[in-house]
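Shared between the two complexes below is chain A, which has chain B as its partner in the first and chain C in the second.
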Partner chain A sequence: MLENKKAKLRNFHQAKWDEPIIFELSTRGARGILVPEAEEEIRTEVGDGISRIPEHLRRKEPPALPELFQAQVLRHYLHLSQATLGADLNIEIGQGTCTMKYSPKINESFATSTKVTELHPFQTEDTVQGALEILYKTDLFLREISGLSRFVFQPGGGSHGAFTIASMIRAYHELRGESGKRDEIITTIFSHPSNAAAAAVNGFKVITLYPDKDGYPDVDALKKAVSDRTAGLMITNPEDHGLFNSKIAEFTRIVHEAGGLCSYDQANANGILGMTRALEGGFDFCFFNLHKTFSSPHGCGGPAVGAVGVRKEFEQYLPVPLVDFDGEKYFLNYDVKNTIGKVRMFYGVLPVVVRAYAWIMSLGEEGLKEVARIAVLNSNYLMRNVSKIRGASIPYDAPGKHRLEQVRYSWEKLAEDTGVTTEDVQCRMCDFGMHYWTSHHPWIIPEPFTLEPTESYSKDELDEYVAALKQVSEEAYTDPDKVKNAPYNSCIHKIDPLLLDDPEKWAITWRSYLKKHGKDIDA
Partner chain B sequence: MHKVGLIVNPIAGMGGKVGLKGTDGPEIVELARKLGATAEAPFRALQALKELEILKDSIEIITCPGAMGESVANKCGFKVTIIGAEKEETSAEDTRQAASEMMKLQIELLLFAGGDGTARDIYSSIKNAMPVIGIPAGVKMHSSVFALNPKRAGELALLYLTGKVKGFREAEVMDIDEELFRKGIVSARLYGYLKIPFERRHVQNVKAATPPSEKYEQEAIAAEVVENMEQDCIYIVGPGTTTRQIMQLLGLDYSLLGVDVVSNGKLLAKDVSEKQLLEIIDDKRSKLIVTPIGGQGYILGRGNQQLSPRIIKKIGKDNIIVVSTKSKLHSLKGAPLLVDSGDGEVDEMLAGYIKVITGYKEYAVYPVSF
Partner chain C sequence: MLKDKDNFIYPYIPNSLPELKLAMMKEIGINDVDELYRDIPEELRFKGKMNLPEPLHSELDLKRHMEEILSKNMTCEENVSFLGAGCWQHYIPAICDEINSRAEFLTAYAGEPYEDHGRFQALFEYESMMAELVDMDVVNVPTYDGAQAAATSLRMASRITEKKEVLIAGAIHPERLLVIKNYLNPDIKVILVNYDKVSGQVDLEDLKRKISSNTAAIYFENPSYFGCIECQGENISQMAHEKGALMVTFVDPISLGVIAPPSHYGADIVCGDIQSLGIHMNYGGGCGGFIATRDEEKFVMEYPSRLFGITKTVVEGEWGFGDVAYERTSFAKREEGKEFVGTAAALWGITAGVYLALMGPQGMKDIGKTILQKAQYAAQKLSAIKGVKVPLLDAPYFKEFVVDFNATGKSVEEINNALLQKGIFGGKDLSREFPELGQSSLYCITEVHSKKDIDHLAGTLNEILTR
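Right after this comes the complex of A and B.
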């Protein structure tokens, strides 16, 4: 494979605004818009607009919000946007497992249309027929994509989806009078850790399988794990290192024979859309992250949907309400026999479902398959190029062995040779305007990084990313301190991780920052 | 001024390249030299010290004369204070004396270059009175007090001295019977635990959960074990810091390096021999709790030889409870847990997958090999 000579490194420099926290910009009395006083005629008709609100519903104190002029607010957030990296700004392939793909902006315009944003969750069903139709039809699409028989869109994220499934597994065994006995959920170390977490939060013991020498979950390990205590299997495939477990049907068979149920984490289904289905894999449940695979931007806590699907016999456990159609109109169905109840208010995160619906409609069956093919092709192209970079390696690689949509790589050799770690590389990549993430803990693969190019990037763009990685590797071998002291062109320098690690110091809100750092909240 | 101790065992590692299995004892050193061995440890110590050059003006190196540290420390331009008199041939006794001396001088950190034998000598003098970092330079490296390589040892020392690493962990000091080892028989003993600075991986990404401390992991494991203890069953608790936590949770006296026996929440016997164990078990229902000892993941045959093949056979594979922190499993980088019971048949029986308790209500199914 010829190296792309066109791929050159950018002389990037991030904007640095030294921007204060918005609370620090506050000036007492400043307002975005001053609403003109109502005319006499209107005042006579409706009064002052305040006194009609019952006394007990009125605030005694004004809210503790920053007070700014409109232009200041706009500038503040533009500054912040320039001080970040993200999917609409840079080649965003460094956050593997998160499917940071391009979300067509036309889908955004549907989701932010007033037809969606002005709906109220308490509106009567006959006034939200369009919204219910979108929910109903997106369910039909996902049934086709997964082979399962029913979906709900209430879970507000992938982990919430996994939690919903773990709750249904528990409900199933409870109904059969086996809840005390069946208390173990099996997962694998390269499955997304939320599967283990969802099981644990539901009170299950978690049994984690470690891979064989080739990186695959081992049937013998599974046989050792199953017993009459097995409640279920919660597993990802392909796993987080990008390997597809082709023995998956045997896995589900073994678990079913032991009396357990099987859940397929398809949070990231980008590499298998239209290629494999949960049903044929022998699964009882699955979930898709609409905010990864299906065109909602993914990041930082939402808005998101973990769309949960079940086989026919498990529909009775689904959270309510379901969206149904009686031949004339769509309605919310609360009549679900053994429902686990509600997992979220109302009926789901509608804007995310709207984007997914639009995306699926625009691609059709062949288009979805094309997404998978290109995502996998891009990933394998990237893998062969990264493998040529000094100090980088691909654990569990073998000649002719392909991965699906992502690969977990290792800088172990680089770290041994030069002392430069994957975290150092992360900082240096910022200097080229590239986002790079290490990997989920635990780091089974030493000094890991996970790249997921999705279907959104061209060959030239992938080459540019590889050129940046190659440059960092060359620097590590010739001038390791340069990498270790990076970043230089980012808006901030290294953050001392000890501060993030210290419960006495960390603060995720302004209020807790003031409290922990001994500052007066009213000052 | 940081006071840092440095002990180099100049003969450590000499045997390795000429096919000897260690350099304990003067006649072996002599043999190694005849075979053309050269001193490796000073060079390795130098690699580690280079990482500290940035603190050159604020470090005082307390070390031994000549090849035991002085020459290396001088090469880096540190302020050097020498203790003890120079000798032509050095021995294990010199290491022990130097370590005791340094403890009296209240050094902040002791760096030593050597192998298992050196670690053992230092342990015998200082126990866990002060933190140490092992610069790997020996032939035998069963102890887990050593950094991955000399450069890492230096980096860790720098992080510790600059206050970036504040925690400690207890790391196993193990050594084998060299006499038997040269005949091809491995028999490693657990001698104790040295205190080493513990670099908890700095987590920069918010998506990655902060790894819990080793102590927390051990407490979680102990809670799972104790909660599932059965009435009237005899529990044989092997050595290790993870198994120690079980004894502490039960509120029982224990031997850190030996094997203790518990039943119905009471201590039946402490630090038992194989013979005593066989008598205690007799034909009673028994379970054995073991944890990986040392850096290579041995659950049997290193540091717990009391747990002989006869005992393993009597107890049976299904009654062996393996406990390990996740960090320990992950440090094996995918390599299996190991057994070396001394009986091929028993090793064969134990090979395959085994369930490992890794936390409260958390298990791993992990391969075992021999």
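Right after this comes the complex of A and C.
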């Protein structure tokens, strides 16, 4: 029998160490680690080694790095880690579109095994059959999940995946002699900005579609946007607000008819695993974020993998090498007819692929479907509860309308009623150990916040998060200044962005700070 | 009504517990989770089977499975490896792995400067320590790898100078060149400048011929792909600046304790890969790219990456961190931002910071010295073997050098196969990438190679070549 627990808010306070900048902990002559000397016979034979470098190229002044003893380095960084939250510690459902799911610890043991970490990318293939097997088989898994033909793991993140695809689209049109003519890529405002930005780096003009009144990308706008200048479409589905564009096959058909190619940003794949695929959606390319859907931890922002998949006819453009199997052995295949070359050194971040492989192996087909279904159940359950919070609204909502992996909400009413903004609420949520993210820019939805519970958090945890939001909403209506001056229980108080945008004042490094401001932060 | 398979309980999926599922469905007002997928039309519903292996539900089974696959790998710890060429085997201090496996750093992402204050500070300190290493005032949050850093540095130079040609001078890593070429497509022209076959340095005559008023940047690597320390940096920077171009230099940061940083010989943008600073090789997955410049608005505003800066809070004496000039990024401006930015290699940046803090100035000098001495010893020993030449034995080099086997009558492939039988990974085969060098390899010696390892290599080579 389920207890009818009322979610209790924590009396939370984050660790606050008032930790100095590491340079301030420096003591002249301190050593954190000692380096082995070359053996005496070597020193005798070759001398000091340094005199072989021309004088003008020898380092005269040693780099002004801080000098600390080993335990002091450890203590400093542990203080900093305590002043950081993460999906392991926290109900991290506030980072919508980031898919902050549980990264199973057992997979860390594989990712950090010496059988992964101590491999050199140029070892002969015979010596790395385990690594190549994992790369090859994870490719096969993603083919099953997407319906596409071949995957590579070279791109170092989702944005990099979008970039790689845009390069392949460019190569395709170049080969047909149409690169001068086909210089437009179409995207939507609710797709990740990197789709637009990566297209631009590849030399494309970007056409951005805005949503219709129901929040879906506007088909009529698409029809007007396509022409014989269309190189392709780069789109997310469901989009960042959580709505699945049911007309997606029509979108891709329209672009194909105009002679363009279609790329699927699958950052939001978590809610649709096994339910709908890139192939049937009409996509020629897609990418998955292995550090989102496939459980590799986010690492403060990488290392990561944007796994890029293509339909068969586009395999010829993939960056090299591919990983192939000849029936007996796995090998690296550089024979890719019209390859774009490379987007990254070597083959990709193996530990990230290892974790994704292990995660998929632990769940299987039924498990992946359950991941998606529970993630979507959680998202709609959360939506139901957030909709009851005073001042919160769900743009584009309609009775019986459901969302998928995440939902973008609005505090527009709250802001109108109380003057408290989404960024104020964001700060006050820190006082409960919670975080949320607003939205990409520009904000189409006013005062936005985007929540993505994934499948990893329990009902109780979702309830706790909602209770915190509810609390902040109540405070906004009764004591708005309290919210506006938050946070109080976090690592630091409200930031004054004074030193962030003025070239005379900004300080991206400690030495730059000392040059411009001296030691006193308030000077 | 829940079907049988709906009753399976997954440790990673809390609400897979049937009572919880039912309670939540009831609250939403649905009878089946399928109803939530109503927006996906029938024709787009995947009704087939995903041909995935049977799941390994128990953690023990998963562990056994993974260990079996991974056991097929032979590592550089179990063998002695002399491979380099852009990915290096250096000693990883225990504290580096301790910190980058901390749950908080491992699983944080894009939080605010409040609850993620530690992450911001750790990356600001990484930027700051790298700044001291390269002796420049601005360093970015890491990008994917050194190749990306090089490619972005060149695009930055093109935007700053408003010119559309870059000169890539000397011996550059072939993979880096491929990345740069694709990244600079379609609007920036890449022109290659030769390296001098005798000295290994940039061919200044060829450079003079190719530089023009359209040149945005002259790029070279120091050490070069062949391990040569480039000694003409001052000349090259003069040539660049006379034509209104920038000098972009790619370095190996672990060399900068003993070798002068490029800002000392006129470099405007310095870039490189941080893998050598406390990060495991990870089969090539340990890379991270850095870009450094002077603190001038025209440079800072061209970075696509995040730049974490220090700032005040509302409490006197308290500081915090935030994004400097956020409006220049694609986060803020989409296609109007500089290039693009996203998840890249932050955890490796934090790790490199830990490494530099442990090593300090003296450690960086010591390791540079040890590497120089061991590499020079190795080069001498190898060049003493009959038929083996080290063409640039007397030139200055750091960590790597070319070994020429042409006079032995054996191919590098044969030699490396024979070395492998003795537990040695021989240097990278250069014969395909640089056919002008014939049967040559690139050997890499770091602080991890003992005299015994080097003597074992020399002895084994001698044995192989006299068979």
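As a working rule, the second predicted complex is superposed on the first by the 460 of 523 C-alpha atoms of A that agree within 3 Å, B and C clash if a C-alpha of one lies under 4 Å from a C-alpha of the other, contacts with A are read in each partner's own complex, and residues count from 1 in each chain.
In this text, a residue touches a chain if its C-beta (ideal position, glycine included) is under 8 Å from a C-beta of that chain, and two chains touch if they have at least 3 such contacts.
None of the values given here were measured: they were computed from a predicted structure.
Enquirer: Thinking of the overlay built on chain A, is A:Glu416 touched by chain B (first), by chain C (second), by both, or by neither?
Expert: first
Enquirer: Now for A:Leu500: first (chain B), second (chain C), both, or neither, which partner does it touch?
Expert: Touch partners of A:Leu500: chain B and chain C.
Enquirer: I'd like to know which partner A:Gly259 touches here: chain B for first, chain C for second, both or neither.
Expert: So A:Gly259 meets neither chain B nor chain C here.
Enquirer: With the two complexes superposed on chain A, say which partner A:Gln426 touches: chain B (first), chain C (second), both, or neither.
Expert: Once the two structures are laid over each other on A, A:Gln426 reaches both partners.
Enquirer: Of the two partner chains, chain B (first) and chain C (second), which one does A:Trp510 touch, if any: first, second, both, or neither?
Expert: A:Trp510 contacts chain C only, not chain B.
Enquirer: According to the stated criteria, A:Gly242 is in contact with first (chain B), second (chain C), both, or neither; which is it?
Expert: Neither partner.
Enquirer: Answer with first, second, both or neither: which of chain B and chain C does A:Val206 touch in the superposed model?
Expert: Both: A:Val206 reaches chain B and chain C.
Enquirer: Looking at the overlay, does A:Ile444 come into contact with chain B only (first), chain C only (second), both, or neither?
Expert: After superposition on chain A, A:Ile444 lies in contact with chain B alone.
Enquirer: Would you check which partner chain A:Met275 touches, where first means chain B only, second means chain C only, and both and neither mean what they say?
Expert: So A:Met275 only meets chain C here.
Enquirer: Residues of chain A touched by chain B versus by chain C: which partner has the larger set?
Expert: Counted on chain A, the partner with more touching residues turns out to be C.
Enquirer: Starting from the residues of chain A touching chain B, keep only those that also touch chain C in the other complex, and list them.
Expert: Shared contact residues on chain A (touching chain B in one complex, chain C in the other): 193, 196, 200, 206, 208, 426, 437, 440-441, 495, 497-498, 500-501.
Enquirer: So in the complex, the part of chain A that touches chain B is made up of which residues?
Expert: Counting only chain A, the residues touching chain B are 184, 189, 193, 196, 200, 204-213, 218, 220-222, 224-225, 416, 419, 423, 426, 437-444, 446, 495, 497-498, 500-501.
Enquirer: Which residues of chain B touch chain A in the complex?
Expert: Interface residues on chain B, with respect to chain A: 148-149, 151-152, 155, 164, 200-211, 326-327, 329-330, 333-334, 352-355, 358, 361-367.
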